[in-house]
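Structure first, then comments.
Chains: A, B and C, in written order; residue numbering restarts at 1 for each.
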Amino acid sequence: MAVTLERPAPPKAPPAPPRGNGGPGGRPDRERSATLFVWLVVAAVGMFFLGLSSALLSRMGSVGWVPAPRPPVLWPGTAALLGSSAALEAARRAAYRGLLARARVRMAWGLALGVGFLAAQLIGWGWLTSSGVGLAANPGASYFYVLSGAHLVHVVGGLAWWALALRRTRHRAPAVAAVDLSNLSVYWHFLAALWLWLFAVLFTR
Amino acid sequence: MAAAAEAHVHVEHPHRESFWTRYVFSQDHKVIGLQYLLTSLFMALVGGALAMVFRTQLAWPQSGILKADQYLAAISMHGTIMVFFVLTPALLGGFANFLVPLKIGARDMAFPFVNMLSYWVFALSIVPLVASFFVPGGPLNAGWTAYPPLSALPQAAPGSGLGQTLWLVSIAIFCVSSLLGSLNYITTILVLRTRGMSLMRMPLTVWGIFVAAVLALLTFPVLMAAGILLLFDRLAGTSFFVPGGLVVGGQVIPHTGGNPLLWQHLFWFFGHPEVYIVILPPMGIVSDVIANFARKPVFGYPAMVASMLAIGILSFLVWGHHMFVSGMHPLLGTGFALTTLLIGVPSAVKTFNWLATLWRGKLYFSTAMLFAVGFVSLFVAGGLTGIHLGNAPVDIPLHDTYYVVGHFHLVMGTAAVLGIFAGIYFWFPKMFGRLLDERLGRIHFWLTLLGVYGTFFPMYYLGMAGMHRRIYDYRAFPYLAHLQPVQVFITLSAFLIFAGGLVLAYNMLRSLAAGRPADRNPWRGTTLEWSTESPPPHHNWPGEIPQVYRGPYEYSVPGAPQDYLPQWEPEPAGVRVGGH
Amino acid sequence: MDASPQLPSPLEETQRSGLSLGLAVWLFSLLGLGGALYARWAWTPHSVTREGTSIQSLFDIILGIILVAFILVHLLLGYFVIRYRARGREAALYFPHHTALEVTYTAVPAAVLVALSVAGMVLWSRVHAPPPPDAFVVEVRGEQFGWSARYPGPDGKLGRVDNRIPAPFNVDPQDPASRDDVVSPQIYLVANRPNRVLLRTRDVQHSFWVPAFRLKKDLLPGATTELVFTPTQTGEFDLACAELCGVGHYTMAGKVRVVTQEEFDRWMRQQARRK
């Protein structure tokens, strides 16, 4: 058998079974279900923020709009969030190539960065309140707290899932872990993109 | 996420289940479906009882059976309960859970644990709602539509105190339950269909549930967003919906900069699709029932599917027809009038298809069929006036009158409800292995048909006469005094509806105990649920899941050995089956 | 898999007559039709505004169309359930589709509905046309739970309002434009010229609904909405609040009085003298 320095081929997805299971639920169905589930969750959460964003945009277009000041800590916080997305993406690719150990390291980094984002948000709120800009201080503040708070709730859920997924990679085949990470990254990248939108628009005059 | 789906692997060895995991926190879609259905029927009695009381007040205002704020609380809770706690859970909850896996050939939903959660979160949402009856100020006074500032300011009405907050909390929890349910229905239908069950071979009940679930997935989150913003206005001093300069009850209101129209937009963006959420599954049910009892395929199956999809898509584009006189920009009214009238086209197509299905059928008048035929009549009676209400200028004299109340009760409160009743009589034997009594069923039917026609059709006349709605006592309006006998007639008819409901309740209890036994396919139906035992065993089929060989409505196929070709039976020799 | 039925089907026992159902459907539809015609001709208020009359005409056209559709559907429904009851061994017709029929009954309703929609949009634009500059102006205020009116007086301008000011109608007495404003519980409108009714609320939503005008408009907190129309007849007409506004919503009845220009001018001079 020839020794090769090439990277091992990525694990192939199992051949698609005839439609339907006709018996005890097989893995392909569970995988497809889990992936669809995540996309549907993204659709629902997206609609939730669409509702809030349309409220925000209509308020911004009306008389008396005052944006909240942007807490400086949100800049490194946003960088951390983007970094966590990048780390998750790198982890996902490693898992697809069967390199589980590498994936776990990257996941751990990403999780830490995600927690960093969470901390930055909380610090940012603290900064804002201590500057006297509370929830009801002005329209911008109200929308900032509600939108960033709603976003943060979803981030916390994502971090919990992340921690669980990280733990589960210990006893899983790379192919399964890859799909798991794929699903998590759909959700997480969506939250990151959502934050970019909010970060850009919330503080505009 | 995959862990949740793994938790309920369908293995053949029997598992030891406690009372709690088997009947209370069951992950079996059939148990969960029945939990939803029975809870919604119970809530229907509560919502109906509220109606009996406020109808009494309306017919005999001198009775003073309710005070003004109690009247507003009663109608607000009636609307809330009927829409959120009866129609939606009975359909996207009860029938959806029980039927979808059986009808598409799956062992259970894609996520049984999430399914169990969806029911218990729904049950939880009832707690704050009921609690609002017992707090100072009572339940909300602002109608099920809860427009701010009336709903945002405790000074504006007694029910705008703690009762309004509890309502918002209840609705927010309900939104979560609905989301969990929709995730399951959509995933299950897309991923877990059995071999041969293509999308265009699915029964229309499943299609109706599918489109409704997609609507629910995408619109309940917007209601949640609106509710959260209103809670913040009420509890945290924000001004999302409350403008400045208001003086309520002698008090200067400190809010500033909010827009009450924003609530209306967000609420109705959800609210209009919601009414299609509660009519699409009954449309599907009625199609299944009529085909079965006419021994005839549903006419125009592809058009039936296309029209459900069209209704689903258009339902996102019509919400402003609730706001024609709200003070929103007139150009918006122009746009919404066009989209609203367009949505009448697929509804018309469906009606004609039902008629064409009945034409030259072999009609068996079981109770389920009676209710299905009643549905067609009432859907038309209610839907046609949508053409008046959706036409923006014509809506001006009709908005906020009994014309609207008649319209939405006929489509939602009667047509959708009759669809649910048809479904109950049709699938009760599958659920419990016993048939409902047909004689009692006929009594229920006639009480209901007479009752709903007598209650809601005259409301059109009241609306044409200019009688506005949500009024506690019409004696302040002498020009409406001549209509009081109509109010009495309506109330008496409403009592008939309630009596019919009691007959159904009695029938269900009696039949559960001692009803006539049903075999696996009492109605000689073609869809997959009729291939298994009544009630189905755990995991739905004792052996392999059947494979599907044809479409869902192959009745009276020329040359076939019997007047129905079930989806699960292989081709009989020498028969050419048309269609998909 | 053997999924054949084991018991006799109750289906056979439901081979009943559809006569009572069919007759009931016909009866209900006839009663419905009769009632609708009666309600239209005996109970519907006669319109006393130009816009209201156009609205009522479009309503009538649509009413005719939907009553025809209503009767047609119920005629067929009743006939089918009577005629096609299950009888012995007669089979149903296997008839899953018919393209020409389906296209027809998709296209015809679509055409009718589009036509009605266009008619509606045209009328809607007319009803919301900007008021002419010489329109008669009155500001109506609704609050929990009553109505009042303010007239701009000879200067043609309405003074500033701030709900915190403890003056009648909360008018700012410092604003020069408010000096000749006349505040009154009586709402006057002038016949045979465009009237511009400005609508304002002090607290929650209300709605200005005069059945005889066939017109209504919501009062929106934080904004001024308006209704522009031409009354064609003098007289006193009932006013009601048509948007749930609290516990006293059912008491918000009122009257509007449509008078001639001379009568209104006389009344304004009386009010000015009283000031």
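Remarks
We take it that a residue touches a chain if its C-beta (ideal position, glycine included) is under 8 Å from a C-beta of that chain, and two chains touch if they have at least 3 such contacts.
Just so you know, these numbers come straight off a predicted model, no measurement behind them.
Taken as a graph of touching chains, this assembly forms an open line, each chain in contact only with its neighbours along the path. By count of C-beta pairs in contact, B-C exceeds the other of the chain pairs A-B and B-C. One simple way to say how far apart two chains are is to compare their mean CA positions; for chain A and chain C this gives 48 Å.
If you average the CA atoms of chain A and of chain B, the two centres end up 34 Å from each other. Chain B and chain C have Cα centroids lying 27 Å from one another.
Among the residues of chain A, none is in touch with two or more other chains.
Residue numbers of chain B whose C-beta contacts span two or more other chains: 259, 544. Residue ranges of chain A in contact with chain B, taken from their complex: 18-25, 29-34, 36-38, 40-41, 43-45, 47-52, 54-55, 58-59, 62-65, 135-136, 139, 142, 146, 150, 161, 164, 168, 176, 179-180, 183-184.
By the touch criterion stated above, chain C contacts chain B in their complex at residues 1, 3, 5-7, 9-11, 13-18, 21, 24-25, 28-29, 31-32, 35-36, 38-40, 43-45, 52, 54-56, 58-59, 62-63, 65-66, 69-70, 73-74, 76-77, 80-81, 84-87, 90-98, 101-102, 105-106, 109-110, 113-114, 116-117, 119-121, 123-125, 127-128, 144, 162-164, 170, 202-205, 207, 209, 211, 214-223, 225, 238, 240-251, 253. Within the complex formed with chain A, the chain B residues making contact are 1-3, 5-6, 9-12, 105-107, 110-111, 179, 182-183, 186-188, 190-198, 217-222, 224-226, 228-229, 232, 236-240, 256-257, 259, 262, 265-266, 269, 544-545, 547.
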